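This structure is in structure tokens; I'll ask about it shortly.
Here the chain labels run A, B and C in written order, and each chain numbers its own residues starting at 1.
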Amino acid sequence: MAERGVLGLFTSAEAAASAGAALREAGVEFEVLTGSPYPEGAFGEHTPPHRLYVFPLVGALCGFSVAILLTAGTQLAYPLVTGGKPVLSIPPMAIITYEGTMLGAILFTVLGVLFESRLPRPLLGLYDKRITLEGWIGILVRGEEGLLGPVERILREHGAVEIKRG
Amino acid sequence: MQERRDLSDRQINRDLLWPVLYTPLWFWVAVLALGLVVSAGAGAAAWWMNKGPGVAGLNRPIMWGHLIVTFVFWVGISHAGVMLSAILRLTQAEWRRPMVRAAEVLTVFSLATAALFPLLHSGRPWRTLYWVFPYDFSRGIWPNVRSPLVWDPSAIFTYLTGSALFVFVTLLPDLAALRDRTTGIPHRIYSLLALGWRGTPRQWRLQALAGILLSALILPVFVSVHSIVSWDFGMAVSVEGWHATVFAPYFVIGAVHSGVAAVVTLMALMRWLFRWEDYIRSEHFDAIGRLLIVVATAWFFFFALEFLFGLYLREPQEVALRQAQVFEWPYNLLMILFLLTAYFIPVPLWLFRKVRRNVALMFWTSVLVNVGMWLERFLIIVPGLARKQIFTFEWSVYRPSPIEILMVTASFALVALGILVFAKVFPLVPVNEAKEGQVLKAEIRVGRRTVPAIVREQ
Amino acid sequence: MHPLPRSTTTTRDHPVEEYPTSPREVAEDIVGRAEAPWPRWRWLVLALGALFLLGVVGLALRVGQGGDHTRWGYYAALLGFLYTVAGGAPIVSVATRMAKAHWRRPLARIAEVYAVVGVLTLLLFIPLMGVIPPAEGRNTIWIVGGVRQGWPPGAPVAYDLLTLVMVALGGLALLWIAAIPDLAALRDRGRGGLTALLSLGWRGTLRQWQVHRAALGVAGGLYFIAYVGGCIPFASDLVLSFVPGWKDSIFPAYYALSGLQAGLAAVVVTAFFLRTVGGYRRYIHVDQFWGAAKLLLALSLLWAYFHWSAFLTFWYGRTPTGQNLQVLLYFGPYRPLFIASLFLNWLIPLFAFLIGPVRRSVLGPTLVSFSILVGALLDRIRLHVATWSVPDPRGHTFEAVPPPVPLGVADGLLLVGGIGGALLLYVLALRFFLPMSAWEMKELTYLRVVRPFLKTRAVVLGKPE
């Protein structure tokens, strides 16, 4: 059967948290949508681990390599002694290499953040504007059609003001 | 003392998004006025490019004047963003919330403005491409990696890119709020920019990590940028007063001093113009004022080191330079003004809580600091160059031309215009930070007193 | 209002250490066991005392062997090490108190007690007063109006002595003021004599607490200025002015900063011992080491940055004096010491603390702190021995790099004895003043609570200001 979803909207964090606890007890995985950050685990949700820290390391390595090649390459391509300094001068190379390393780390970190956040996401899917506008909290469950009925019941029992299906 | 407010999400959205959604009359007046000044500056720059740098008051040996002073000044201001945003994020200071984005945006626009000055100063900006871009352009000549003037573009480019990306990444949740709030074409544009943000715990967790990780990465870059700019002067042996080992940290701490003061100026303007009294409160000015005392005193320590050790070897040229700076017209007057405005007027005032909590006084003292810090850069650059050669017939006096003054004035208008236009398109106070502040607000009862508290993840 | 719950168990996947939850618990635990014997206390004091006596022997040997200042480099290095480490440690308490971080509370007293070593540093300077060459003909900071040498009178030693006196007195004043409430608690438990005298009749009225807080702020600020400002005459007179032509405006700042780094490292190591063998596990948690690790990382990066700033300026200028200086301090006879301190003070902290689990642990920051302390000692030896080895410090150019000065028996005994003596003084003072700031820990009991937050648990931190 095709996977469908149900979104329960709550006006209070306590109600959403109790609905989350009930869903967890029932063994149902759910996602929480909020307009502002809450402490991790506040709704009893389980967040899969991320690998964000790999990105800045890879980026730093790439930036370092490019910068070293650039600085060494330009100095060797135009081997003019300036100010009595050697043609391949390590301190100036170190400065530009440092900047390149940091730039690579920053660029890859941003890419990593977007990637791990699963962005860009072309379609919003099940969502409601009042999550950001009114501070409502959305509890989103995906599953087969047969699962959604009981889920909807749990959500309503714990104070969902509106249910959306998609 | 804290004056926290209880604010709903709806109220926060309304208060912080209104400059984006509605346009008051003063906005158009300000844009027009600033636009006129910027246009005049652009005209002056065009005149400069057409007639050559001779239209400036520059002459041997003072080949760097107002434009380079202003370049260093704006690079300094750009350090505000990282100082406040990054360090306060890493230390989880609650009082950072209303000012982080404004500081980051100030960084981006002041840095972009700063980058214009060396380009314009060259007289033929297109030629600078040959000097810094790593390609030989069929001449067999490559950039001189050993020159600090080539280190500059690498640092400024890295910092500008990093800061701009930092602003964008932390803007995502607010773009989502704008997407949900708007209709029609604005809705489509914000939808595109929001990248499909929905506010899942994973996305919020990564936002927090992004803030910490990018802060930790940008902090070393911020230190390096102004150090590299300082080495434009510090590496030169031939100019008295420049070849000092302390230049890098001295410039960096000076940048922090002027940058944080600029953020205070910006915060006061935001509070007045956008009526954000509930978000930018006296307690924020109090906290930033205390930070400024520490930063200003650290800066003064480095200034004392630079001056004292300038005289350490008692070299005649160095002594002559310091005598010129302290005793000779016009530098003596500028030195007095600089010391008074950069430290001896604002810092004693900031020691008083009543002053720190007075928005108007904080505004004016912060403006004074930046007047002083502009003069500081002038006093580092121009007297040293004026005394560059040992032959006294080479000593000269610098008188800035109207073209230079116009370009410098236009730079202030450009930064202001940039921030104003940004405020029209994106919220200048992070909406999600304000909402998070409400979520994490708590209280502890101690006897009969209720102590404000913050919730932290365990 | 939420009632204050007893701090209980765990959150998420790992147990969380909890502080005591009532002022009474703190009083019993910290103040109550003040008179109880420390494990192996007698052996510790004897061992440190023996080391100190070895140092006295070393000093006698050094004096007996005679010679000019070139033989006293290691002694100067000891002085520099103790001045910066023990002088920098109280700054940890001052700076973190200014930043209003709660995690600093268990470390505050540990840091402040290091101020007593300032007395030893002051005493150790006295033999050097006869060894340091006069200011005539040398580059020094002591100038008033024009280029006259030997002015002001007594320069430089009189003013270096004054600096050490100010730092010692300032540190002791800071320690005393911070400890007054705890001394009063000890007094109330029956300890008389000096404790009762120093407690100044403290009763804990509201006014006294207000004045106490203001006094701590002022004492902390003044101590900070004394220590950092004192590094200007100290570093320039005991290092810079021994090499003719060495103009280095960043050096005093570097000297102060490396002292702060080593001072914080000393606090971390002390905290580790107090946690593991001292019985203060309930107060010294991972949070303290984590907070200190972040500061150590920043200080290590700044250490490298200041080094780099100086090095690059000399390298780029390529003046003869600058190049000879680089050989003397970096690439010549003392290169192994420079490379060692580069690793110990910068690379090891940097790469260790980039790894999250190392940063957020007890052992990680402790081992890195050991590394920093060893690196700081080697760095001081490099700086002082190298510069003091220059036979003639007069003139304006540095033309010949002298040969290295090897570590002699007297020098070795001096180093060991000096550090032993400092530790002895510290341990005795720690016992007298209490290793933990009881009043600050009591304050934490009502400013930090753990509460349920929806379906998780969170720490609620009170921010009275």
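Please note the rule applied: contacts are C-beta pairs under 8 Å (C-beta built on N, C-alpha and C of every residue); 3 or more make two chains touch, one makes a residue touch a chain.
Treat the numbers as computed from the prediction; the structure is a model and nothing was measured.
Participant: Per the definition at the top, count C-beta pairs in contact and tell me whether A-B or B-C has more.
Facilitator: A-B
Participant: By C-alpha centroids, what is the most central chain here?
Facilitator: B
Participant: In angstrom, rounded to a whole number, how far apart do the mean CA points of chain A and chain C lie?
Facilitator: Between these chains, centre-to-centre, one finds 42 Å.
Participant: Based only on mean CA positions, could you tell me how far chain A sits from chain B in angstrom?
Facilitator: For chain A versus chain B, the centre distance works out to 29 Å.
Participant: Could you state the distance in Å from the CA-based centre of chain B to that of chain C?
Facilitator: The answer is 34 Å.
Participant: Please output the residue numbers of chain C that touch at least 2 other chains, ranges allowed.
Facilitator: Correct list: 12, 312, 316, 318, 453, 456, 458.
Participant: Could you check chain B for residues that touch two or more other chains and list them?
Facilitator: As it turns out, chain B has residues touching two or more other chains at 220, 455, 457.
Participant: Considering chain A alone, which of its residues make contact with at least two other chains?
Facilitator: As it turns out, chain A has residues touching two or more other chains at 13, 38-40, 43, 53, 83, 85.
Participant: Tell me, which parts of chain B touch chain A in their complex?
Facilitator: Touch list, chain B to chain A: 8-10, 13, 134, 136, 140-147, 150-151, 154-155, 157-158, 161-162, 165, 168-169, 172-173, 176-177, 180-181, 195-210, 213-214, 217-218, 220-221, 224, 228, 432, 435-436, 438-440, 455, 457.
Participant: Which of the residues in chain A end up touching chain C in this complex?
Facilitator: Residues in contact with chain C: 13-14, 17, 20-21, 38-44, 53, 83-85, 91.
Participant: Please output the residues of chain B touching chain C within their complex, sorted ascending.
Facilitator: Where chain B meets chain C, its residues are 1-2, 90-91, 94, 220, 223, 227, 231, 234-235, 237, 243-249, 294, 301-302, 304-306, 308-314, 319, 442-446, 450-458.
Participant: Can you name the residues of chain A that touch chain B in the complex?
Facilitator: For this pair, the touching residues of chain A are 13, 31-40, 43, 45, 47-48, 50, 52-53, 56, 70-71, 73-75, 77-78, 80, 82-83, 85, 89, 92-93, 95-96, 98-100, 102-103, 105-107, 109-110, 113-114, 116-125, 127, 129, 131-135.
Participant: For the complex, which residues does chain C have touching chain B?
Facilitator: My answer: residues 1-2, 4, 11-12, 16, 98-99, 101, 139-141, 143, 147, 228-229, 232, 236, 240, 245, 247-253, 294, 301, 305-306, 309-310, 312-314, 316-319, 396, 446-447, 449-451, 453, 456-465.
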